[in-house]
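In the two assemblies presented below, subunit A is common to both, partnered first by subunit B and then by subunit C.
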Partner chain A sequence: MQKENSHIMRIRATAPAIRSRRVAGAALIAALGLAASACAGGGTTSTASTASGSPLPTVTGPVTITVADAYTATSSLGKTFAKEITAFEAKYPNITVKSVPEANYGALETKLKAEVAAGQEPTIGQGYESFADQLETSGKIVPISTLAGTKTPAQLSTFYTGVQKDLYLPDGTLAMWPIGKSLQVIFYNSAMLSADGLTAATDWNTFATDLEAASKNGVTGITIDPSAQTSGEEWLEELAASNGSQPYAADGSPQFTSSAMVKALQYLQNLKSKGALATGTNYPGETALGGQKGLADISSSAGYYYENQAVGGKFKLTTTAVPQTDEMAGGNFFVFSSATAQQQAAAWQFLQYETSPAAQAVWAAGTGYLPVTAQALTQPAMSSYLTENPWVSQIIGGLNTAFTDPPQEWVDDCGTLLATALQAGLSGTNATSALNTAQTACLQKKQADS
Partner chain B sequence: MAETVAPPAGVSQSTAPAPRPRTRRSARDFRNTPMGWLYSAPAVLIFAGFVIVPTFYTFYVSLWHWNVLNPALSTYKGLGNYRDLFTNVDPTFAQTLLNSLYFTVGMIVLGTGVSLGLALLLMRGGKAMGAARVMVYLPHATPLIATSIIWVWIFNPQFGFANYLLHLLHLPASQWTQSQSTAMPSVILFSVWHEVGFTTLVFLGGLAVISEETGEAARVDGCGPWREFWYVTWPQLRPVTAFIVVITSITSLQAFTQFYLLTSGGGPDNATTTLSFLVYKEGIVLGDTGYGAALAVVLFLITILFTLVRRRTDVGGGGLTS
Partner chain C sequence: MSSTTQDAPHAGHKPAGGAPLRSARRLGGAWRGWSAVRKALAILLGLAFVFPFYWTFVISTSNPGGFYRFPPELIPEWNWSNWSRAWNEAPWVRFFLNTVFIASATVLLCLVTSVLAGFAFGVLRFRGKKFLTLLVLSVLMMPGTVLIIPDYVLATDIHWVNTYWIQIVPWGASVFGIFLVRQFFVTMPQEILDAASVDGAGRLRVLWHIGVPAVRPALALIAINVFMTSWNSFLWPEIMTNSTNVQPVEVGLSGFASDVGTDIPGLAAAATFTTLPLIVFFLLLQRHFIRGALSAAGSVK
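Right, the complex of A and B next:
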């Protein structure tokens, strides 16, 4: 473990405090509980950081930090996070960490927006890259490089390369810090695979053949939720990337009308027309797999515990990496600039602790997320987990090669539009037409946000 | 009416001044006193804080490309957000307006028809009918959010109870909320199930006070049940029907929960993206608060229009026999 408390932190002034009468009025109205967060305005908050060049503060007295996360207390995520917090507080008795969880990233983002608008930010927030970009351009978060006093904090180079790249914003700012990452994996009903004489696919064409072969007697090969960005839409992006073109260019421009994307949507349409793909809501793939009505479910590796719960011991799960190109997911942490210097110092201490090999091992074994550093794999807490789940060792190298959506703020919005195109395509709309509509709408979002 | 009494003849009003009249105006006058304002202040402040100010603020926000995270970075767009109503795609404003009207008309026609039919069936008394009335009203008393989640499973194409029923009846399975063509009818079906208890109750109230003599006279003159309903009963229920139609219109335009839960994301190819859902999607999910506010203003104006229609026609305020 690294000696996090030996770091000397340098916190410079970040965004200047911008105050105006309009902002003050907005804050007042937000306090009145104005029309949900959509209409709430809020005041900006000045940073509590020290002037540029001054020494980085260390935690000198008792300090409490709040972490707004997506780990509900009753889930395996929440329970493991609580365990990590307890261990951290034991090591750093001056720091108290309060977790304020939401059920998912969507709800968390909405809540954080409202809190920022009302000037009531937590110390640490969690979310995806495009949200961090919005926060950074609005002057609401303090760069990690500022907290660390360097653009290359010691732990950074130990992360998988895909994880490292995921922490930067379009302007090159190191703005986020990870806790765990996930890759898409395929969960198979082993009994059904054997009964049909099938094997786990290593390319998308074989996967389609397997799904079609298994679709009989009330079984549908796979069931997806096309309205959710974390399910069907992510699969669509992986298919497109496997066909040679990612959905977005590096500058965030949509490439929805590329032949790779059209081919990807047609692949899914074809599966549906052959009765090998069904659609639903509320984790339908998990339900179908657990109910022995589906051969496979494509989902996040972090969903491993939920898949097992759905299966309930009725059959053995076979877990494999998705064929060809995979997409990495998992939100990052960021620190709000409204936190006091002491809180920011404590927050950085906490973030470093969370990515230490020992803490990563506990986190991965307890949640199904993949550790962000290979050093965690040799930790005692990880050994039995890896023995029981050999698929983790098989797929984890994907964190070096998996792609992620670029961090521009409109990209998240465009994911919603792509999900709509997927729904349209699976409802009978021509693939090219559905993707053209999404492309036009995404360009409108890009123009509005640029 | 004033309670003053005219002085007897021959008595001069100047020599015997009449006592100060006690009128109902005194009650109204109290409301204009400082104490009157003081008593009403809490309600006025709450109403202003949670309704009036946010309404005007929404108008204001609709003129900006609003940065909800830092309003100081917002840029003025004037009527730009309103122009975007006609240029934005996926979905178009026209499509969402049509979806809203589709849902509203569906709710009016199906909801009114079903509730009138149920009211006619349930108007007879007795313990069994009383129990039936309770059962019809029960869905309306349940939380919309809870029943919506249950209906997500009822509509599940693979495991749902709805397809199980179709299977028992030897009918082909439906995709329900997963198909572009059946998504909106599915939401209407659920919404009618949830709302029909209330509208049936209103119709029952109307049926309870209409004149029985006219029905008896019609029957004596040889009128059959259908002709009695069409020419005698139905005309007397016109004010109640008009009230239900207007109330259903307003609540349908503002409906959100069932769309959010049953067809998360607005349904296949935006088949169930209504105006009120689009306000949420643009304003909250996609973070385009200014555009979302412009949509909210349009929805507000449409609702105002329906309210004015209600006021102008005085539906719901008059007697049944008016």
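Right, the complex of A and C next:
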């Protein structure tokens, strides 16, 4: 299925065709905007203009926008998102927002690809950078800079710098807009830390020593899922980055065979050989930590609710930033070019609302995601949350320095290859050999997609 | 006379005066031991099959953090708050009725298509029969997920996205069902069908009055198989539908999972109360299921 999907997304227009389509699209948006203004009898005043000086479309009448997101209604994410939508609709009564959630980003991406193929795109979609890159290359999304009329929308500068960088595609287009971000954190069993006379580690070597020290009497320091990109593979990338080289160059070229990567995989192999690291599936670290069979779990800060649910008051949870270099995660929003000018204007209004300090505070407190702007931290909705979760204030600065995987479309597939290398490495394959295999396969994917 | 009777008993009759004592003791003893082993194995197997349901129930009534214990707590903690929370999270009755309707309609459609196609491929003689049979069977080799995007495009063109139709019609023919019914017909004495034809019955009448009763065990097996497949279907309805008005239980259950974690006690509670009706359905039809499975196994050669 992945192959099929990739094939569809690879049906690209040639560069001149893209350019002409963009010009035509911009002209169409401008024309529709003008028409909308004319229909409104001049009653609506445009407050901004595009880079070319044309007035931006504004919402002049009732309009409905659909948001395809990964926030299922029964999750804390979905409930908080519903609250935000209600508040937005109360503030902008002309705009109706319909959320169409999917269970996860994988299902969401498949559905969006199907909708794109059928010409039935929603107004707003959500996904990771590499998917946005595919859509942008195919001319399916409209740049945020076009919606905002500027390459530097006012709110952009208020975002943490890592978040700002994450919104741009390889061609420099500001194509996405955030809602919340997460960093990897380490959840510790405080009672075990105290019993062993340990403190939360601030470097990876100390972390390894702590895991080894705690691995006794049926306890394994840490348990990871090497097949999941949000667990073991992300840790491997962070270790490599801490060793001085990220897994990808800025142009998306894999650097899996760098000494930093080899050293990172050997670090994990070493932990496993000493009985301080175990592997499993379906959030095994959370299960082991909750079952008091693990000292620590490395996971997304957005998973705090679930970690707490696993602990269930059996012991106190200590949450800290990962030692050294952290990786940022969290999908972004993008707006489809098939939306009408009115819908695009409404979508931009919605996106800006979502990143306002007040909305960010509600989002962060309700979901565990980190706010994308520091201004949210002083909002009333955030104060009690920060008091209860002091670790948020301690780690949030990481959004300025955390790295993300580059947005080229093959990077997502290469992440799976890296996860396979990690599994092979932890099953006994030589680290260099496992990473070489992943490197070769990733280069082939890069070549196929370039 | 009596010795002749003992030496050469008629088939199917007990020997007059019974079997020799030593032989009876040996056979009886072996039988009793074998029976105990079989019973023990049956109990073990039964427990192995029942345990996942029981464990799901235990998780669904666990206290916060209770599920995450080593060794696991095997006795229910009777915390029904997970059930009430899960029940209030989504329109489960709607999901359930949607699923029952979709699964039942799919079963009906599958039975009709299986009988018609199975009869045609097994009994009728026509040009290209072998080729068409192979063509139908070749569908088994095509993973359904490969076609999901082209199918979505097609569904959009005919305005079936977000409807019951798209969840029923594409699954209304089962290759497994067609093959099974065909095998029943192939192994059936053709004379019976020919006799009915000689008596003046048309093809449909032959099919309805002779064919369908003969393949009833296969139909029971197909019905249960298709029902369970339809009930467990997730990716197709997830992609093809947007509204809870037409979505099935499985899509509703996925709401407890997210990219950052899964509400396991809530999911277990919802899974329990949405699976119970299916278990009852299965228990009610288990006699047919077992008979159908055994008959089918005997006829697929």
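Assume the second predicted complex is superposed on the first by the 396 of 450 C-alpha atoms of A that agree within 3 Å, B and C clash if a C-alpha of one lies under 4 Å from a C-alpha of the other, contacts with A are read in each partner's own complex, and residues count from 1 in each chain.
Keep this in mind: a residue touches a chain if its C-beta (ideal position, glycine included) is under 8 Å from a C-beta of that chain, and two chains touch if they have at least 3 such contacts.
Keep in mind the model is a prediction, meaning the values are calculated, not measured.
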Taking the superposition as given, does A:420 touch the first partner, subunit B, the second, subunit C, both, or neither? first
Should A:438 be classified as contacting the first partner (subunit B), the second (subunit C), both, or neither? first
A:110 in the overlay: touching subunit B, subunit C, both, or neither? Say first, second, both or neither. both
First, second, both or neither for A:291, with subunit B first and subunit C second: both
Based on the superposed arrangement, let me know which partner A:429 touches: subunit B (first), subunit C (second), both, or neither? first
So in the superposed three-chain picture, is A:135 touching just subunit B, just subunit C, both, or none of them (first/second/both/neither)? first
Touching partner for A:100 - first (subunit B), second (subunit C), both, neither: second
Just checking: does A:170 make contact with subunit B only, subunit C only, both, or neither of them? Give me first, second, both or neither. neither
Enumerate the residues of subunit A that count as touching subunit B in its complex and touching subunit C in the other. 110, 113, 117, 282, 287, 291, 293
Touching subunit B in the complex: which residues of subunit A? 18-20, 22-23, 26, 29, 32-42, 44, 106, 110, 113, 116-117, 134-135, 137-140, 220, 223, 226-228, 278-282, 284, 287-288, 291, 293, 409, 413, 416-417, 419-420, 423-424, 426-429, 434, 437-438, 440-441, 444-445, 448
So in the complex, which bits of subunit B are touching subunit A? 49-50, 53-54, 57-58, 61, 65, 67-73, 87-91, 152-153, 156-159, 175, 177-180, 263-271, 279-281, 283-289, 292-293
Subunit A contacts subunit C in the complex at 1, 4-5, 8, 70-75, 77-78, 100-105, 107, 110-111, 113-115, 117-120, 182, 218, 230, 282-283, 286-287, 289-293, 300, 302-303, 305-307, 309-314, 368
Touching residues on subunit C, where the partner in the complex is subunit A: 63-70, 89-90, 143, 145-146, 148-150, 152-153, 155-157, 161, 235, 238-239, 242, 254-266
